[in-house]
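Chains here go by letter, A, B and C, matching the order in which they are written, and residues are numbered from 1 within each.
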Amino acid sequence: MLAATVVGGISLGFLYGLVALTLILLVRTTGVLNFAAADVGMFCAFIAFIAITQFQMPVVAAIALTAVFAALLGALTYGSIILIRPADPLMLSLRTLSILIIVRALAYKFWGANSPYRFPRIVPDGGILVLGVNMNYTQLTVIALALVMALAVSWLTGATRIGLMLRAVSSDRETAADLGVAVIRVDLVAWCMATLVAGVVGILVAQLTFLSPDMMSPVLLAGFAAAQLADMQSMRTALIAGVALGIIQSLSSVYLNQPEWSQVLSFAVLAGGLLLRGQLRRRVVAT
Amino acid sequence: MSARPTPVASSWRPSITIPLVLQARSGLVVMLISLAIAPVILSDYELTLFATGVSYSVAVLGVALGFSSVGMLTLTQPAMMVIGGFVALQLIELWHFPFLLAAVIGTAVGMLSAIPLGWLTCRLDKFSFAVLGFAFTYLVAMLMSSRLLVDVTGGELGKPFPAATAFGLPLQGVWGYSLIAAVTLVSFAVAAVLFRSTMGRILLVMNQDDVVARTAGVNTNLHRISLTAIVSGYGALSGALVGQASGFIAPPQFDVALSISLLAMALVGGAGYLLGAFVGTLILQFVPAFLGFEQIDREILVGIILLFCLVAAPNGLLAALRHIPMRRRP
Amino acid sequence: MTAPAALLADAVTLRFGALRALDDVSISVNPGEIVSLIGPNGAGKTTLLNVVSGLLPAESGRILIGGNDISRDPPNKRSLAGLRRTFQHARLADDLTVMENVLIGASIADYPGSLFGEWLCLPSRTAKLRAQRDHAMALLASLDLADIAELHVRQLSFGRKKLIDLVRALMTSPSILLMDEPTAGLSEAEIETLIAVVNRLRASTTVLLVAHHMGFVAKVANSVICLVAGRVIARGTPREMQSDPKVLAAYMGTS
């Protein structure tokens, strides 16, 4: 029972970590805290759902379509938030709030009436025993995919030319531009990547739970938490933090009888974690 | 177009540097006139909608005060509204307190409960605190809707909020509205007085340069905590007013979506202006309800208007109307 | 029994990771004295000022004002005890006027109690605010800056900004004043004015300043302390320091 709970927590936690990954990616390149990070994924999940159920597309085709849609959505979001009129990071982050509102409201308008929906099984039911613990295929897929995506993002940012440019832009946008880096193109890559990852997270969350317009609320919150705990810097720390939060949530919801106490605990953990991280940062005054 | 990339500033301070004290008096006058005209031109039902909007504007004012003075992103306001509203409700229902007294006590309770949050503001950077604010609102909304407190809050369905009475008679219609309008106007005036004083100047300095403020003798932590308490007090008062205006109060109203909407209203109107909170609430809350938009279409509208404002008029509509040049920090 | 030193830094040590920013630094300044800290860049002079004003905590050692241990006090408490400072880069609010910036330094010793008087517009409070303005104008006048009182700070030269920073710090008539590179960015004429002002302060204020301009130091300081890599390597009068071999080596560099 304990092991199963922990496994459940780990798989959910990886999803939190992935959301945190996209947040950090966008903060480090464009400086924007993307409040809509998770919910664009929700919208993509709905697109996939419509493709599979209403248009009877085969799963692979639907996923491909969703990927294209996610990239386009990422570009659109980038355009309407940053390109349209540059501003300081706080203002840009507030603009993403409006995207969050719009995306959620549209999802409610189109599909809210009959929610929650049961997302078609992409992964077969059943499970296997791993190290003596029973894990179902969905959880395994989530963990595997999450690891793959995390590795892919870190490979992309670490080893490729685009990745190099991303890191250059990350550390100093103006100098990067002076050195000839096409900052806008790099930004677009970052935003499309972030939305793609969000889309995958959205589909996986729908698999693990249900599909509904507000399904990403806890995911967004935990993703934020994980990203903040990683100081918006290290993607690896964010993943670890996400998994930790997932495990804590899972354990507390099972072993604490009331779901409310589980939420209180999550809050306490978050507050404690943020405070601790604040303490660890040394305050240096430059005069 | 050879566009320079958006510089990622190392400081996350807002570009708004217009102090709240500007235009306070003319703002109050415009509010007074609008509040006075409303019962004349609106039908009874429309007046109820207007009263609800006016009640929300008090919470929005709190958010605007926090944002314009020290750049605080207040996402905890709905939690404060729920606390203030239900404390007032309990006092009225159980011990027959008059509405005003119950509202004042609800406000005080809200302010006290905000002190730990204020302490956290001192320890955390703005974005960490914003994230924590989301989590806090989520937590409180869940707690208030849960079985644990169903006796007090009526769970998800909420409870009816009894109308205020004067000399034993319930204040209905125009009289109920007048009570709300009066309290709101007074709370806005109090904000102007508070922030016009040395406290306002000190907050401005703290926001611009924390080190200068501290070495000049300012206890910045105490100020942050006090500011958080004041902002939350406005939220708690708003909760009681909303209950009074709409005749009932239910925890699910005060969710994370509301925390974003309140911030949106503060920004659209113009956080640097006293009147901004009022204007923003009217545009994003009252007008869509008045025009009969469905709830979901209203939210889409909020998102679109917010985006439009943040792009075209980052300092709010009032700033754009007055053609005040945006003072950007270098 | 001799009177306690106005300002005493006792065996202050501070490390940033492996770097010893301050290593067992002890400095004593007597009432009415003006002491200057000199040393090459990165020696820890500004760091020491930051520790004394409370912006950085020392790992070990104490800071005492007039015999009272203030090591654990936050910066605002030290300020209320009579310690004020100026900054290397002035740190003024660009979009406020000179007068508004200076008033920021005005005494808030009776705040927040004074807030009630303000909110009710009590005449005693209004009189107090007016007295603050007059005091500010008098200070500006003593530095020949009275005519720019209503100008916005962003229009001013760096040198003038530094002088206004000084006026802001002097608003509370501090018993101890810390000055960080007060002459950097000033014209020769402004430096002369500054020398006169600092010498006038001698009667009422104890000064610890960080400086590079040896001409300024010679005309103002009673004694000079040389810091190199976080350690005190020499103390003496300005004349003694100018010929001290250790000091010369520090500035010329050793091979």
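In the analysis below, contacts are C-beta pairs under 8 Å (C-beta built on N, C-alpha and C of every residue); 3 or more make two chains touch, one makes a residue touch a chain.
Remember, it's a predicted structure, so these values are computed and weren't measured experimentally.
K.L.:
Measuring between mean CA coordinates, which chain is farthest from chain C?
P.N.:
A
K.L.:
Which chain, with its centre taken as the mean C-alpha position, is closest to the global C-alpha centre?
P.N.:
Of the chains present, the most centrally placed is B.
K.L.:
Take the average of all CA coordinates in chain B, do the same for chain C, and state the distance between these two points in whole angstrom.
P.N.:
A distance of 42 Å separates the two centres.
K.L.:
In whole angstrom, what separates the CA-based centres of chain A and chain C?
P.N.:
Distance between chain centres: 49 Å.
K.L.:
Determine the centre-to-centre distance between chain A and chain B, using the mean Cα coordinates as centres, and give it in whole Å.
P.N.:
The mean C-alpha positions of chain A and chain B differ by 30 Å.
K.L.:
On chain C, where are the residues touching two or more other chains?
P.N.:
Correct list: 55, 87, 91.
K.L.:
Which residues of chain A are in contact with two or more other chains?
P.N.:
As it turns out, chain A has residues touching two or more other chains at 285, 287.
K.L.:
Which residues belonging to chain B are in contact with no fewer than two other chains?
P.N.:
211
K.L.:
Which stretch or stretches of chain A touch chain B in the complex?
P.N.:
Answer in residue numbers: 30-31, 33, 80, 82, 84-92, 94-95, 97-102, 104-106, 108-109, 112, 169, 173-174, 176-177, 183-184, 187, 217, 221, 224-225, 228, 232, 258-260, 263-264, 266-267, 270-271, 274-275, 277-278, 285, 287.
K.L.:
Which chain B residues qualify as touching chain A in the complex?
P.N.:
3-9, 12-15, 71, 120, 123-125, 127-128, 131-132, 134-136, 138-139, 142-143, 146, 148, 211, 256-257, 260-261, 263-264, 267, 296-297, 299-300, 302-304, 306-307, 310-312, 314, 328-329
K.L.:
Which stretch or stretches of chain C touch chain B in the complex?
P.N.:
The touching residues are 53-55, 74-76, 79-80, 84-85, 87, 91, 93-95, 100, 103-105, 107-109, 111-112, 114-115, 118-119, 168, 172.
K.L.:
Can you tell me which positions in chain B touch chain C when the two form their complex?
P.N.:
Per the stated touch rule, the residues are 17, 193-194, 197-199, 201-202, 204-205, 208-209, 211-220, 327, 330.
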